[in-house]
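Okay, so here's the structure we're looking at.
Just so it is clear, A, B, C, D and E label the chains in written order, and each chain counts residues from 1 on its own.
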Amino acid sequence: MQKNQELELTATIKRISGVNPRLCMKCGKCSATCPAFDEMDYHPHQFVDLVDKGQIEKLMNSKGIWNCLSCFACLERCPRMVEPAKLIEAVRLAVIRQQGQNHLKPEQIPDFLDENLPQQAITSAFRKYAK
Amino acid sequence: MQELIKAKAIELLENGTVDRVLGWKTGEFFYDLTPAVFTSREEIEKDFVYSVFSGANLSKYLVKESRKDGKVAAFLKPCDTYSFNQLLKEHRIWRDHVHVVGIACDGMCDMEKIRAYGAKGVLSVERDGDTLKLETLYGPMTMNKADAEAERCICCKSRKLVAYDEKIGEDGDVIENSGRFDMVAKLEAMTPDERYAFWQGELSKCIRCNACRNVCPACTCEKCVFDNPKSGIAQKAAVNSFEESMYHIIRAFHVASRCTDCGECSRVCPQNIPLHLLNRKFIKDINELYGEYQSGADLETRPPLMNFTQEDCEPSVVYERGGKQA
Amino acid sequence: MQVNNEFKPTIVAFCCNWCSYAGADLSGTNRLNYPANVKIIRVPCSCRVNPMFILRAFQRGADGVIICGCHPGDCHYTTGNYYARRRMTLLFSMLDYLGIEKGRTRVEWVSAAEGAKFAATMNEFVETVTKLGENKRLEDLRCKN
Amino acid sequence: MVFSYFPGCTLKTKAKDLDLYTRKSAEALGITLEELPDWQCCGAVYPQAKDEIATKLSSIRSLASARDLGYSLVTVCSACHHVIKRVNHDMQTDEDIVLRANNYLQLDTPYHGETKVLHYLEVLRDELGFDELAKRVKNPLTGRKIGAYYGCLLLRPSGEMQFDNPEKPTILEDFIRAIGAEPVIYANRNECCGGYITLENKPLAVKKASAVTASAKANGAECLITACPLCLYNLKENAEGDMPVYYFTELLAEALGVK
Amino acid sequence: MQRIGVFVCWCGTNIAATVDVKAVAEALGKEPGVVFATDYQYMCSQAGQDMIRDAIQEHNLGGVVICSCSPRMHETTFRKTAEKAGLNPYMVEIANIREQCSWIHKDMPTATEKAIILGRAAIAKVHLNAPLTAGESPVTKRALVIGGGIAGIQTALDIADAGFPVDIVEKKPTIGGKMTQIDKTFPTLDCAACILTPKMVEAAQNENIRIFSYSEVDSVKGFVGNFHATIRRKARYVKEDVCTGCGLCTEKCPQKKVPNEFNLGLDNRRAIYIPFAQAVPKVATIDPNYCTMLKSGKCGVCAKVCTAGAIDYKQKDELIEEDYGAIVVATGFNPIKLDHYDEYAYSQSPDVVTSLEFERLMNAAGPTAGTLLRPSDGEHPHTLVFVQCVGSRETRDCGKPYCSKICCMYTAKHAMLCREKYPDTEVYVFYIDVRTPGKNFDEFYRRAVEEYGVHYIKGMVGKVVPENGKLKVQASDLLSNEQIHIDADMVILAAAIEPDESARSIATMLTASMDTNDFFTEAHPKLRPVESPTAGIFLSGVCQGPKDIPETVAQAGAAASKVIGLLAKDHLMCNPCVAEANELMCNGCSSCEKVCPYGAITYSDKEFPGPNRTRVLRRVASVNPAVCQGCGACTVACPSGAMDLKGFSTSQIMAEVDAICK
C-alpha cells in the first residue's frame, strides 16, 4: 500500500474510534482478558500496536475483527484507558463500509434461525457485520 | 416596589434591627440617583427614592459604613450582591454590621436611551409594568421599558441574589448566554489595526476624572497605587498620553479576577468610554483559559489569578488564537 | 563617520535569579552571541514581575519586553512561575486586545542549563521586535490624530 | 413511582416472559411503568464509531420522548439499557454528536441528555430499595442457591454505565438476598457468554457460555438469573450441561406471589 | 542621595578586551550621586577588595556599584568587603558586564555602551537601596517526627545521636511501621525483624527520644525554629508506665474474634492486644471497637488478671503541648485497596493475596508460623502466580499513575524465597517491565530467573477464576503472542502503594505542599530532596515518593542531618530580602496570602488613626520574615501595592527599567 494511503487509513481509524494508541504501555492486559483471543489472528494488543505503527491493512484482513465479542473487557480493564474494543470496531467498519464488503447478507439469515433465537442476536449481527 | 422598600427601611430602623439605612436619593436631576444614608423615618419618607434609575451599586459604600458602630441596612440588587460577596471574600466588609435586603431587579433604565428614543424635556419617569410613563415639558408620553434599559442590563449576567438576609420580590436565575461578551468577541475578531483604532478613539476621550475608579466596588484600596508617590506610577495628572492608557490597563489588571462585571465604571464615565469592555475581556479570557469563574458568586472559590494548574496554557496562546493578523 | 540608520530596538529582559539569569550567564560563559540591545534585569522569580514594570518599560521607550523564568514545575519557589504564567497570559491578551503588536511581549522558560536556548531566544526576539519597528502604539493609544 | 418504560423488540417477541414478569412485579410493588408510545428498536448494539450518527437516532427519539413526558426511562433488557444509557451519555458529553443528532432530528426542543436512564434493577435498588423489596416478598425463595449472571452490557464500560463496581458487582446478589434466596458468587459472572457471536462463530459461543455455567456450578449455583435475553438464550441453548437460567423478573414475580 | 562609588573590573582581559573599562568608569563617574569611580584589573583579588574598602572609608560612600562578573559569582564576596569597611552589605549592587556583556559581544563600542547602561541601572537601583539586616529568630532545640516506621525511627535516632531531643508520634500502638510486617529484605535477604527490632529498642532506650505511640498530631502552629504542636495521646485504656507487657490479659480476654491487623486479617487477636512480640512500647492496648467492657460495661477480665493493675477503663485522650524547632514527616504508605481489581478474584478466593499478606504467610511470626500454606485449606501450594503492577502505572481512577518502585524487587524476592524453600513449586511472574535500578538489584532478579528457575512472563493476567480448588489464571504472554492458562494454587498481587491516608490532613496542618498523588513535594526535586518547600518541615521515607528500605534509610539520615543543621543554630539568620506589608496601605484582602507558597503571611485586626481623631480598626497583613523566602508573588497579587519586596522593591526595579530604557 502507498505510504499516503496508509497514513490516511490510520487517520481514519483513529478518527472513527477516537482512540489514541500512544497511551498504550504494552502490558498486554487486553489480550490477557480477551474471551475471543484464540479465535483471533491479530489480538487486541496488536490492534493497538499496529494502528500506532500505521499497518491497518493487516488488521483489515484479519479474522479477529469478526470474532470480537464486544464484551468491553479490554476497554474496562485497560490500565491506560486505551479502549482497544473501539479500534477493533473501527477497523471492522472500515472494511464493511467498502463497496460490497458486507460480511452478513440477509439471505443468510434463515439458516441461522431457531425458535428461541432472540431478535437481539439478528439485529446486532446486522449492525455489526453489515452496512 | 419603592413603597415596599421604604416600608422595609422604616421597619428595620424602628424595630431596632439597624441604626442606619443605605439607599438612594435624588441628586442633581430626578434621574440622577445617588447613594445616601438615612437614619430616621422622616428622612426616608422625604428623600428615599427607588426607581428605574437606582442603578448605583451600594456595595462599595458598605466598606466604610460597615466599620462604623451599629448596624446598617443595605438594599442590594442582584448584581450588587455579587460585589458584596466579593468584598466579603476580601474581608472588606464587616458582615455582622450589615443587614442585607436583597431586591429583585429586572433591569435599570438609562436616561440617554430615553432621550435617544425621542423624549425631550423629561420631567419625570414613572414605571408601570413594562411601560414607562414620561412627563415632559411637551406633555406626557409613554415608551416600552425595554427600549430604555441600560446596556449593561440588557445583557444582564444574573438576576439571582447571591447574598441577603431577607429579600423583597422574587429574584431570578443566573442567565446563561447573556450575550455580554458579544462586543468583546466582535473586537477580538477585528484586525489589530481596527482594534487599535477603536481603542484609540475611545481612550482619547478620557479626561482622567477617576470616576471609574471611585465608583468601582473592586477599587476599595486604602491607598490607590496611582495616588501613592512611592508606587512609581503615581500620577496626579498624566505626564504623557501613555500614562492614560497605562492607567486603564493597570486598573483593569488590578481588578482582574475580582471584577464582578457590575458595569458601574461605564455607567459613570462622563465621556461614555466603554470601560467595561476591558474588564469583560479579562473575564472572557479567564473563562476560556482557566474555566468559568464568576467573582462574587460564592465566598470560597479561589480567584483565578491567585490560582493555577500545572497544565495551564502558555502565554504564547495569545499569539496563536483569535483575532486576524494585520 | 558612517551613519547607521538601522533600527536598534531597546529590549528589557526580566530574568529570574535561579534559572534564567543563570542561563543567561551560561550563554556568556559559552560565548554565545546575542544582540547588545538586550538588557537584563534580575528578579528573584518570574512572579515578581509586575505588569506595571512591563508597561513602565514601554512607557520609557522599550520596544520589547521578555520575561524569562524557570520551567513550569521547576520554580525555585515551587509555584511562582505558575502565577506568572497566568498573569502574563492575561496581560499579553489585553495588550493584543488593545491592538498592540503581539510580538513585543514574550514569556520564555529558560533553565540554568539552557545557555544556548537563552541566546537563541534573544536573537529571535530581537529580530521579531526589529521587524515590528519602534513601539509607537502604546504611546499613541490616547492621541487620536 | 411512575416511569417511562422501554421494553425493546426482543421483549415483544422471544423474551415475552421478561416483559410480562417485569410488568407484574412492578404492579405488585406499586411501580407504574408507562410504555413509551412510540418507541423504536434501540439497535441492539451500541455504535462505538464516533462518525456514526444514524444508528443512534432511534435511541435519542425514545430518550427525547421520555424527556417530554417528564419521567425517567426504565429498561429491562441489558442490551437496550446499554445502548440507551450510552447514547444518552454521548448526548450529555459529546458536543459533536449532540449537534449532528439534533440537526437530524429537528425536535421541538433539542435533546441534551436530560432523561435519566434506569435499569429496572436500579429502580429496585435506588428508588424502591432492596430492604423495602424484602418486606414485600410473599414467597421467599429460601434455600435456593442462585448465581447472578451480569454479563458484559450492564457493567461495562463502567465509566458510562455507572451501574455497579464492574469487577465486584453486588446489585444482583443483593436482589437475590432480598427475594430470600442465597447468592452464589463466582468469577465468571461478569465475563462474556459469547452471545453476540452465536451467528458468526457458534463454537466460540458454546465455549464461552459453558465456561460461565461451569464456573457457576463449581461454586454451587443451582440456577442462574440474568437480565439479558441473548445471554439467556446462549446460556440455555449453547452451554454444555443443563443449568437452568431465568430472567431475574421471573423469580421476582415468583417471590412476590404474582407469577 | 547616596554617595556612590563605582568600581569597574577588567577581569584581566575577560572584560577589558571588549569593554573599554576606562571609558565606562569615566562615564559612570558623571552619573548623579557618583563621587568616586575607578577601574582595576581584578576587583575580586585581595588588592581589589582593599581598594573598595579604602574608597568606602575615604569617600564616605553610602552605596557601591561593582561592574564585574555575574552577581552569582562574587556578590557575596563584595558584600563582605563592604561590611568590613563598615557599610551595610546590602548597599552593594553588581552590574554584570562579563557574562552578560563582554563575553557575548565582539564589538568594543557596542559592548562599552551596553556596559555603561548596565552600570547606570545598577547606580539607579543602589540609590534606592536601604540597609538591610538579616533578622534573627530563636530555635527551639527539639524535633518532632511524625510517623514511627523505619523512616521515622532512623531520623529520630540520628537526630538524638547528635544530642537533640526528638519526639516520635506514631498512631499505631507500636513503632516499627510496615517493616515489622516484612519477612526478608532484598537484595540481601536478611530478616527484617533482625535488623529492625534492635533499632526500635534503641529508640526506646535513647534518652533523647520520647515515643508517643497510639498518638496523633492534632495541630501545629508557628514557623521554622518555632513550631508549637498539640499531640493527642489516644486512650489505650492501659497505663503505659504500669503495664509490664506480660501479655496475660491478651491470653485471657474472652473476645477472640478480632481481625488481627498485624497479620492483615489472616488470623484473629483479642480485644486487648500487643501487636507483636517485639512491639515498642511493649504494652497492651484495648481496642474500644471490640472490648465488651467498654461497649457494654460487662466483662472486666483483663483488669482481674492484671497483677500490675495497669488496666484503666476510664482513661481519656490526653493532649500534650510541645515546642519544636523542626518537624519531620515520615507518614509512610499503604497498599491500595483492591476493590476495583476483582478480575483477580481477590475478594472471592482467600488464596488470592496481596504481596504484603504473602509476607505474613512466609513469616515465622505470621499466622502459619512461616510455612507457606494456602489460606483456604492449609494445603501446600504447588503453583504460584505473581502479578505485578496491580494498580501501578494506571491512569484509571482506581489506580495510581506512578510506578510503585518496590514491587519488582519484592516480587523477585518472594519468587526466589518460594523456590528456595519449596523446590517443588512452579512460580510464574507476570510483568510489564522489570525495573531493578539499584545496587545488586538486577543481579538479584537475574538470580531468581537463572538460579531459581522462576518463570518470568512478559504480559499481564486478565482474569482469575477460582474453580474446584484451583485458581484458573488467564494471561497473555506477549513474547509468544499467546493467551496462556495456568491452574494456580495461589495468586499474589503486587498492589500499588499510596501515601498513608493521614498525609493529606498533616500536609494541610503544616502548610506543606503535596502533589496530585498526595506525596509530599520537595523544596527542589534534585537539590533539596528531603526538605519541604515550607521551611523547617523535612521529609523522610515514602511520604515523599515510593522507595525501598535502603533508600528510605538514606533519606531518613539526610533529613536528620538537615534537622541537626537547623537545631545546631541558636538563631536563624533570615534572608533579609523578604516581603514586607505597609500596614497603612494594606486592605487586608488576603490576595497575598493566597499566592504565598510558604504560608508566611498572617492577618490581624489593628487600630489605626482615622479622620477626626477617631480610631479605625483594620485587617492588615504581616509577613513573618523567618518564613518568607522572598519570591515576590505577593507583591504582584497585592492590588494596593502595600506589599513590597526588600532588595527587589518596586521602585528599585522601576529605576532599573528607567535607566535601561532612557
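Note that in this section contacts are C-beta pairs under 8 Å (C-beta built on N, C-alpha and C of every residue); 3 or more make two chains touch, one makes a residue touch a chain.
Computed from a predicted structure; not experimentally measured.
Once subunit E is ignored, the contact network of the remaining chains breaks into A, D | B, C.
Any chain bridging subunit A and subunit B, meaning touching each of them, is among E; the list is complete.
Farthest from subunit A, judged by the mean position of CA atoms in each chain, is B.
If you compare D-E with C-E, the chain pair joined by more contacting C-beta pairs is C-E.
Among the chains present, the centre nearest to the common Cα mean is that of E.
Our note on geometry: subunit A versus subunit E, Cα centroid distance of 48 Å, whole angstroms. Subunit A and subunit D have Cα centroids separated by 24 Å. Centre-to-centre separation between subunit B and subunit C, using Cα means, comes to 36 Å. In subunit B, the residues that touch at least two other chains are 225, 231-233, 305-307. Within subunit A, residues 73 each touch two or more of the remaining chains.
Those residues of subunit C in touch with two or more other chains are numbered 51-52, 56, 79, 83, 87. Applying the touch definition to all chain combinations yields A-D, A-E, B-C, B-E, C-E, D-E.
Across the interface of their complex, subunit E is touched by residues 67, 89-92, 220-225, 228, 230-233, 254-255, 258, 302-303, 305-307 of subunit B.
The touching residues of subunit C, counted against subunit B in their complex, run 51-52, 55-56, 58-59, 72-73, 79, 82-83, 85-103, 105-107, 137-144.
Interface of subunit E with subunit A (complex): residues 343, 389, 393-396, 399, 432, 458-463, 474-476, 478, 481, 483. Remark: subunit E residues 70-72, 96, 98-101, 103-107, 110-111, 113-114, 117-118, 121, 513, 521, 523-525, 533, 577, 595, 597, 629-633, 635-637, 645, 648, 650, 653-654, 656-658, 660-662 touch subunit C in the complex.
Across the complex, subunit E meets subunit D through its residues 339-343, 345, 347-348, 463-468.
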